[in-house]
Amino acid sequence: MRRAIKYLFICLCLAPLLFGVIYSLGYSLGLAGLLSDGFTWDYWIGLINSGNLMRSTIYTIGLGACSLIIAVMAALVVSWKSGRYGVDHRSSISKSKAEVLILLPLLFAPVTAAFCWYQILSPGGFIARASFHLGLIHETSEFPRLVNDDLGIGIVICHVFLILPVFSYLFTATAHKHRLHRLYLQSNTLGASSWYFFKKVYTPMLLQKNMRVLWLYLIFLLGTYEVPLLLGGSRSQTFSVFIADKLTRFNLGDIPSGYCMAIWYTVLITVMTALYLRWQKSILW
Amino acid sequence: MITIKDISKNYGNTVILRRVQLSIPVGSCRSLLGESGSGKSTLLKILAGLEKPDSGSFIYQGEELINKPAEKRSVVYLSQDPLLFPHMTVYDNLAYGLRVRKMPSSTLEEKVITLAQQIGLKEHLKKHPHQLSGGQRQRVNFGRSVIITPRMLLLDEPFASLDATTRGKMQELYLDISRKYQITSLFVTHDVREALIMGDTYGILRNGSLSCYDTRALFIQQPDSGVAEEINFWKSIQ
Amino acid sequence: MVSRIATYIVLTFVSLPLLAAVCLSVTDSWFFPSFIGSITLEHYKVLWSGHELAHSTLVSLAIASTMSIASTFIGAVISVALHYGRHTTPRLLALGYFPYAIAPVVLGSMLQYYFLRLGLFGSLSGVLIAQSFITIPFAVLLFSTFWSDNVIRLSAQARTLGASTSIVIKDIIFPMSKRWIYLCLVQCFLISWLEYGLTRVIGAGEVRTLTVSIMSLASQASISEAAVACCLMLLPPSLIFMIQYRMVSSQAHL
Amino acid sequence: MASPYIRLLAILLLLPVVSLSCGSEVAQSPSENVPADWSTIATQAQGSTVHMMMWQGDRLINKYMQDYVTPRLSELYGIELIVTDGQGNQVVNRLMAELEANRKTSDLDIVWINGETFYQLRQIDALYGPFVQKLPHADLIDLNNPFISMDFQQAIDGYECPWGNVQMIMIYDSLQTSDLPQDMTEWSRWVQDNPGRFTWSNDFTGMTLLKSWLMSLADDPSVFYGEFSEDLYTTYSKQLWARIENMRPYLWNEGRSFPASLAQLHQLYVNGEVDMTMSNNDSEVDNKISQGVFPTTSRAYVPAMGTIQNSHYLGIPRLSDNKVGALQVINFLLSPEAQYEKSQSAVWGDGTVLDRDRLSPDWQAKWTGLAQRSHAPPREEISKRALQEPAPEYMIRLFEDFRKRIIEQ
């Protein structure tokens, strides 16, 4: 009985992935699908030659990394502020309220956040309207493009919004756990400024302690779909948008290349997850 | 009589227990002297039924226990830190073994109160474990095991984490109660004095091999029992 | 001073989308450049007249509650099987990360064929099964943090006192794991509640949860309705959050 | 310990392979025995459930289905109609996946399709037919009208039933814009005069505009009628891309991106980011004004170069197991009653496919009294500027080349 349940767990974890990859592999090599005419590498070669594989990879990883870096920097500052290093403890802004508010994004589904940010950032959105009333712009075309742009600014903003509370909480908790407050006082008595401590002790220590979590979030960010779908530009597509797009495009001949990309993405994620687990192992096991 | 024969246990290539033999007359206590890593915890877990030996037998009054699951053995394991159920009161902790055995609540209550009196915890029955001191907790742990009159009690350095005074008191209490309840026990410790105080017979576990000594004299003569060193120490400071 | 400004900027940043959602859900004729159109509660009123969004909310609630209870139960059973009375290899648990790491929409696309073959495509049961690929491993991973050395030793102790496995689970494991069970129920509910990709692909437009509705309303540019859906989406997590916050702060007072 | 794991892994690996190879047998369609006479069909359809997949991107259309069609069907025939959301490409994807999975029956009984969706569904043999002539109301259809009997230059051959007929229109705000471009040359100039104020969506509607432009580049648009011609496409698309390339810096966002859907384009228009939007439904402007989405000063026009008029259709998947129910539903949707309801601009504003001369005098009278829409020119007028849909390959090629030559550059 116990053994059976154990195998059930293994199946539950591996079967969806294996089944999916095998079908996709079949499709991408012309072995499955209604329009398949037997084994061929054409779809793979086509995908690589079109540059879409490289472009999507770079674009997706770039967006993920940017979002992560900005969110981490912001979260470091937030956790530093909420830790009240070098500030009187009875400091002004009510601690609990601000700290509760920072958790607000946790309530948002990615699709909700993407929709709201679209309405805020688009050239006809809230910020543009406010700028208009403030006399900063006179018509919408003067407003900088923040959504559906090629750089993915809107995507990054939305991602940062979604993960900022996680990292803020994580950093605050880590700092608390490792008693960085005491280290701070220690470093003060040694004559270091707050900024110096922040730069040389606080940041490196928190980053080092949470490297694995950051890696895990990078993996998650590579797979976000709703945010780039609503906020992304038309020129570059992230993995998931590309895949979903190809699989449901009118051109039935495009479907295999969608499956090629799906395999490439799955392999990438599997390797990254395996690295994460190995990393965890070297520390824990 | 409790007889343990040829118990062996290996983890991979590491030998933990090597053909351990031992016997304890019912109602008496055998002290087992062993350093950490000598295999004493594994031995106790095997006897409690929490781990399976590679070979060997464990016979209580002619009945083979080695293949019985832990809950059917009535052999209670008492560890160094008192493992009290944190979500239950002292009363419920003490009554636990009896409830499992479906004892009617009137007899149960009587038994628990008597025992609580004997271990000096009558005033604390409604408290939760985190409200007790270390010594009190160990007393609950001990009472909880004794109350079901187990076939055998396995004590794994039960007083190691207590301070010297409490420890002394606990030793006295244990001797007192175990005589009253006619408990058969195997008492593992790394403290020679405790081994001498608690045991009727003795043994030393070294790297998975056990030597038994049925009289105090034989035990003291053993060079690695540490008794000689203890005596020399006291002599040297006189 | 600088730090105060920084704090206010961050706080504005995190609260903007909520304000946007609430504003848009009560506005009509939101034409540029008017900041807020005419205020109306019309978009909420339709919810009571059997509007599609009301239906979506119920579907979402039903799916999320089912997933929450079922995954917690199955996760708990698997967890007991893996951990009870022994130390499990972390290697086995590590498998639980894989379905969790892959993008749901990609996973769904790759599995669509099998769901079709099994007749589960575009059905509620299909969506439930697909979501369980994520929630059950998650529940198992979450429960694995419960099995501390202390728990394992306490259950061993109870066994030597005569308690059978089922009694140990009832008397010791269950009461001690209440916090994990609560957490698991909440988290699985939220995962399912916030899920879009798998539900869209495997549900094939026939299982219209709130997230699916928001996406289709947003791409139809039905702004006000999408905003109402967003506000509805925010409700259950806010409630859970408030309860949790109450619990934590009331514990702090003790 | 290791061996059972390996065995398990082997099973896991093999299972999908086995299930894939099973899928290669030829799919059998369910009983093709749809009765020949209508009364039997009607009896069998009584009380059944019909699943319909259609684009649900419009509030009014959804309302028409939900508040009118569904209750009427259950009232008249006891049929329960279940409508699910799915655009053309999703319909193709779904039916194709069902065939790939070797399903015996489809989950869908009716699909709302046209143009390349029809073309592709025919390609993969996913449609049941011919069935149109079985429908009693088919007699009322205006099959002489090439805009109805031909779908993207492909004869419908009874494999899909016309449902509605629409023409592409351009929508503008009469307060903001007065000089309206009438052909591609004027458009280029207009865009230069109004930089950043025009764009189109990278979807069906946007491509329909490109198609209209493409056809207007030829002296006689009718050269595009008939089968796809590579030469024709190459010649005129070269001109088209060159012109768009010139136009590009003056487009919205300097032509660096295009809205992904018509809805996004509508939103740009509503937000005042662009001066024009467009629609394949000539009643859209009235619809959107009545919903409070568009400003009331919005108007529609059809440029002199002409725009594409086309019809949309209903098909029955080959694997549907309730074809009789589907036939009954489609027959109802073709009825004068349902068509009349649908053509009111407050309801949907969809052009009818019925030939009015064949209707009973009562219905003819009713139709004549139908309130005209107020913000778009009358249908009779705009259909003078109607172009036929060219073959579906033009659309597919335009899509691909637009992405390669414009978006990704």
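Order of writing sets the chain letters: A, B, C and D. Residues in each chain are counted from 1.
Everything below uses one rule, namely that a contact is a pair of C-beta atoms (placed from the backbone, for glycine too) under 8 Å apart; a residue touches a chain by one contact, two chains touch by 3 or more.
Since the structure is predicted, the reported quantities are computational estimates derived from the model, not experimental observations.
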Top chain pair, ranked by number of contacting C-beta pairs: A-C
Closest chain to global C-alpha mean, per-chain Cα centroids: C
Rounded Å distance, chain C centre to chain D centre (Cα mean): 36
Mean-CA-position distance for chain C and chain A (Å): 18
Distance between the centres, which are taken as Cα means, of chain B and chain A, whole angstrom: 55
Residue list for chain A, restricted to those that touch at least two other chains: 10, 14, 19, 23, 32, 124, 140, 247
Junction residues of chain D - those touching two or more other chains: 16, 23, 90, 100, 260, 264, 267, 270-273
Interface hub residues of chain C, defined as touching at least two other chains: 32-33, 113-114, 219, 223
Pairwise chain contacts, counting only pairs that touch as defined: A-C, A-D, B-C, C-D
Of chain D, residues touching chain C in the complex: 16, 19, 23, 53, 56-59, 62, 84-86, 90, 94, 97-98, 100-103, 107, 260-261, 263-264, 266-267, 270-273, 292-293, 295
Interfacial residue positions of chain C with respect to chain D in the complex: 28-33, 52, 112-114, 116-117, 119, 121-122, 204-206, 208, 216, 219-223
In the complex with chain A, residue positions of chain C that touch it: 3-4, 6-7, 10-11, 13-18, 20-21, 23-24, 32-35, 77-78, 81-82, 84, 90-92, 94-99, 101-107, 109-111, 113-114, 132-133, 136-137, 140, 193-197, 201, 211, 214-215, 218-219, 223, 226-227, 230, 233-234, 237-238, 241, 245
Chain D-facing residues of chain A, complex: 7, 10-11, 14-15, 18-19, 22-23, 26, 31-35, 122-125, 139-141, 145, 148-150, 233-235, 247-252
Interface residues, chain D side, partner chain A - complex: 4-5, 8-9, 12-13, 15-17, 20, 23, 88-90, 92-93, 96, 99-100, 116-117, 120, 123-124, 195-197, 202, 252-253, 256-260, 264, 267-268, 270-273, 395-396, 399-400, 407-408
